[in-house]
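Given below, in the form of structure tokens, are the structures.
Next come two complexes, and both contain chain A; in the first it sits with chain B, in the second with chain C.
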Partner chain A sequence: MKDKRRHGNAALRAATLGLLGAAVVPAPASALETPGEQLAKKWEFDTGLLVYSESGGRVQAAEPVLKATRNFGDDRMLSFKLVLDTLTGASPNGATPASTPQTFTGPSGSGSYRANAGEMPLDDSFKDTRVSLSADYLFPVGENGKFGYGLTASKEFDFLSAGANARYSHDFNQGNTTLSAGLSYEADEISAVGGAPVPLALMPAAVSGEVENENEDEDEGGGPGAETKGVVDVIVGLTQVLDPNSLVQFNYSLSTSSGYHTDPYKVLSVVGADGEPLRYVYESRPDARTKHAVFARYKRYLFARDVFDLSYRYMTDDWKVQSSTIDSLYRWNFNSTNYVEPHLRWYQQSAADFYHAALYDGEETRVTEASADPRLGAFSGYTVGLKYGHTMQSGNSWSARLEYYQQTGKREGVPEEAAAGLSKFKLEPDLSAVMFTVGYRFKW
Partner chain B sequence: MTRIALIVVALLALGGCADIGAKPWQRGVLAREDMQVDPDPVQTGLDDHIYFSKEASSGGRGFGGGGCGCN
Partner chain C sequence: MDAAAGRFTAMASPCEVLVDGADAAELRRVTRVVENEVRRIEQLWSRYRPDNVVHKINTAGGRAVTVDDETAQFLDYAAHLHEWSNGLFDVTSGVLRRAWKFDGSDRVPAQSQVDALLPLVGWGHVSWQSPVLKMPMGMEIDFGGIGKEYAVDRACALARHATSRPVLVNCGGDLACTGPRADGEPWQVGIDTGVPGAATPLVRLSQGGVATSGDANRFLLKDGVRYPHVLDPRNGWPVTGGPRAITVAAQTCTEAGVLSTVALLHGAGAEAFLEDNDADFSLTW
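Presenting the complex of A and B:
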């Protein structure tokens, strides 16, 4: 019986390794089922549904997840994960507000969308469904090692991605120290609606909802061919048990990508000294990016009841984005089958060096890279949330989490010549979103 | 990088000490599901996807996002 319990434990321990979290200790089998019952049910299903809703008619998303893990009982685990993602709503297109209504060409080149005077232009033609599938296999190597490899694929209307990864972790010091390393490769294909526009080329004017097509060939550019991008990720990690109640984790990750990084649907306003738009040009991003991130986590069991989790991440890249993320969770296990978990997250990033809120008249011919995508601007953000979880008599469990996410932009990248003219507009779109997640975990 | 290497070496050295870590018979708490580094990987995946598509950062706690045309 003892052995069987150990195998049940291994399932959960291995599950955590999937993220290269590399837990060094076995997790318990459910306290409410006998080891025999645990073993009889070899599939564990972990399901979730996220509903994400931005205020102001912006992005709305629903994302169901199904993850099935087969435990072979000897530290071998096979898992499959399916994620669906349906998105609708509007996103800032990068253009600045203006004193008169603005009309933009839709991504397909045939439609158009509008922004009222003084309003942040939002592209409301955004609608997509994403399907993502992954498979993963994990197995022991020798007494203290574990090897895992996985395949992933995802498809959107204008995007296709396929990837593979491999991870290894090794326990030392009676399982108190775990070193882990992982490598992943991903190949992406971007088929922009209407073809990828020529970077910094003029967006064809849209008049009364119709697009002027006369310059289509020269200005809109973009052939039917797809653009590609390759991403290589490397991660190394260390998990150390400090004492019977606490542990720390350190990771370093390196991500290098090359190929098409531009968002084909984003533009920049080219403005005059009065801050009013003269025309719009498509954005242009570098064709490579290297990101470094260090991550540290401290986890402690408190009052013989609760769990406190604090983590910090620092990221820097060669686009000159630097960011800090602090994340904290406090899980209050107010009895053996119920918990409440408050969550606080704080985030801050600096702008990419080619971020411009707008370009001044003629500047578009002097720069080679420019983007007004607010995600590449400077901003800070916080998330506050609360989760409730319950474990049922059967050992199955469910949870519900409600969170609020707020981003506050920082004014940056304003062309000096037009600074006075643009001062009447809010250039950095704020973002607020409500996120609701339900999860249900059961064995079969 | 040097700093990270030093931290790793220091922790490995500490791990070898008798007073750091837990003995095999002291692992009750560490074995709890809620003491695992990622007790809810499905939730973590959803979170990573949101922040990857709304912020310019990724990576750190796992492979750096991706598989998404959202950024």
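Presenting the complex of A and C:
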């Protein structure tokens, strides 16, 4: 073409625009690009900030995210992602409430935290910053295949993780059927503050100043050495286009991990028949876990405008945890540049077979595995949310999302001998949280 | 272009729809939106259908015909183009095809045949008071000149609403896009001018539309003179001596189509016309 800075005949343009209407025409600029004048905007950036806030002064998190994607065309894509996570606040340490105030030593043995009478003990000593980085490259293989691989790394104060993954997808049936398979490996290193404690060993703490345990030597149970864990994930999937407006997707995933699964900062209360704590022991988890999960999704385009997305996930593992998730989204594109997206999610899980709300006096010597981590207990939760998104004339877009999560615990794993004594306490922490996310996407 | 394309045939042209980064389902969906719109306009204005507004106008036998809103707007536009092009752009010139059969042969009609048709050509004979059109008996209108370009623009605009991904609609070389590709690069399209052996203009399109006019395979060849299928409505004869194909890029495919069509009618003066109009063009001689 001769010249890219041409503006044409104004009268003709005005008449044409009158015919076609303004909707047809984007912002005026050069129509044609010559090879030497390629647009410089090669990178797309997704930036976002998630603020997560649990009620009752529990965990507060701020998580800025930066993702950069370079699309080379030809279905080749390179992306980098950086996530910073700042966590503060308190989380349940696994101990049950007591009728008198309780004091716990912090992980390092130096600090301490306290729970008032009748209150769920919360460990407020943790403040952490997580940095995670990932890189990913996707490219076509042959006519119908795509191969992708990635590297991930994540670092916290007491945790280091590195991983690699590869995946392949193949289109069949003129792109209406896609089969995919992926494999990933992750190596974790946990360097517990003060060393990983010996499982089910006494926590060096005094209960309300009444019981003096000679537990100083229990400290030696944990050494400064780091614990490790390896995780292998395998996933296979099928995506089938049903008609021009809908598709279904099925995945099966297998996750096997071995190594240190215990949370070094979680304890269990050892209680007497009156339900009051006698002492605390560190939790102990199996050194392996195998999870199977199936996932099904139905996605439909509606009214030539909106998108409806419904999915179900079922997970079961050899810790006897079973969970179900139903997730639904409706994206209402109420005009070409704005959308509203309501979100509804429901989740339920059963408790792990070694979950105990507390241990009865002496039980700690008979069990080999025990945890009172509420995340391994039985509970259900739902999330409701609303997202609003807007695309600007420049093509850049932003969105804001507000979500509310409510979790309700189910009373389980209470030792029979102490059931009457513990009945006066609420043992399953309920949880509610508000999440607010803002995102901005632009090209550079 | 590498992206998978949705394809269909409409307005006697192979049409393709590219949706950058879309999966098969989305591509099908957007293609259907585009195809439906192109077919809608084809049905509305095809002169080969017995059930549409063009047929009603062309068989009115001198009676007034009230047309629908969209056709009325298009006739307003046609009236404007007629004035703007000093009579070169004329939706009534299709009647001349009765004398001119552009089949690659040497059957150039006699002047008398052409002269007999000329009274039936000319927007000036038409009474147009939107939405009522009244033409002398025997006259016909034909939106073939830029109907396809209009359809491409309309379809592209609908595609813009149907997906957030970049879309390019191409109907037989008349094309429009919603914007640059997902990676910010322009779309690259090779334009088939239909001229054997000539270099294929490579268009790098980041926005707007492109249209090509030329004699393609429709021409008459007599005594070494090539008579392209573009007829000057003022004298009923093809315009000779001009480029064999003209590709124009503009803010819309329709605007590009008008510029390339009218430029072709300027014959040897095509380039000067395009320069005068500050157009972005490529000529194939």
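In this section, the second predicted complex is superposed on the first by the 389 of 444 C-alpha atoms of A that agree within 3 Å, B and C clash if a C-alpha of one lies under 4 Å from a C-alpha of the other, contacts with A are read in each partner's own complex, and residues count from 1 in each chain.
The rule we apply is simple: contacts are C-beta pairs under 8 Å (C-beta built on N, C-alpha and C of every residue); 3 or more make two chains touch, one makes a residue touch a chain.
Source: prediction; values computed, not measured.
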Does chain B (first) or chain C (second) touch A:72, or do both, or does neither? second
Where does A:83 make contact in the superposed view: on chain B (first), on chain C (second), on both, or on neither? first
Which partner does A:244 reach: the first (chain B), the second (chain C), both, or neither? both
What is the contact status of A:171 with respect to chain B (first) and chain C (second): first, second, both, or neither? second
Is the number of chain A residues in contact higher for chain B or for chain C? B
Between chain B (first) and chain C (second), which does A:301 come into contact with in this model arrangement: first, second, both, or neither? both
According to the stated criteria, A:443 is in contact with first (chain B), second (chain C), both, or neither; which is it? second
Touching A:130 in the superposition: chain B (first), chain C (second), both, neither? first
A:293 in the overlay: touching chain B, chain C, both, or neither? Say first, second, both or neither. first
If we overlay the two complexes on their shared chain A, which of chain B and chain C does A:393 touch? Say first, second, both or neither. neither
Common interface residues of chain A with chain B and chain C? 9, 12-13, 15-16, 18-21, 23-28, 174-176, 241, 244-245, 247, 301
Using the touch definition from the top, list the residues of chain C that touch chain A in their complex. 2, 4, 21, 23-29, 31-33, 73-74, 76-77, 80-81, 84, 150, 153-154, 156-157, 160-162, 164, 178-186, 201, 203-210, 247, 249-252, 254-255, 258-259, 277-282
Within their complex, state which residues of chain B touch chain A. 4, 7-8, 11-12, 14-16, 20-24, 26-46, 49-51, 54-64, 66-69, 71
Taking the touch rule as given, give the residues of chain A at its contact with chain C in the complex, in rising order. 1-4, 6-9, 11-13, 15-21, 23-35, 38-42, 44, 70-75, 171, 174-176, 178, 241, 244-247, 301, 304-305, 336, 391, 395, 443
Please name which positions on chain A make contact with chain B in the complex. 9, 12-13, 15-16, 18-28, 46-48, 50, 52, 63, 65, 67, 81, 83, 85, 128, 130, 132, 152, 154, 156, 158-159, 161, 163, 165, 172-177, 182, 184, 186, 188, 190, 231, 233, 235, 238-245, 247-255, 291, 293-295, 297, 299, 301, 307, 311, 313, 315, 317, 319, 321, 323, 325, 331, 333, 339, 347, 349, 352, 375-376, 381, 399, 401, 405, 407, 431, 435, 437, 439
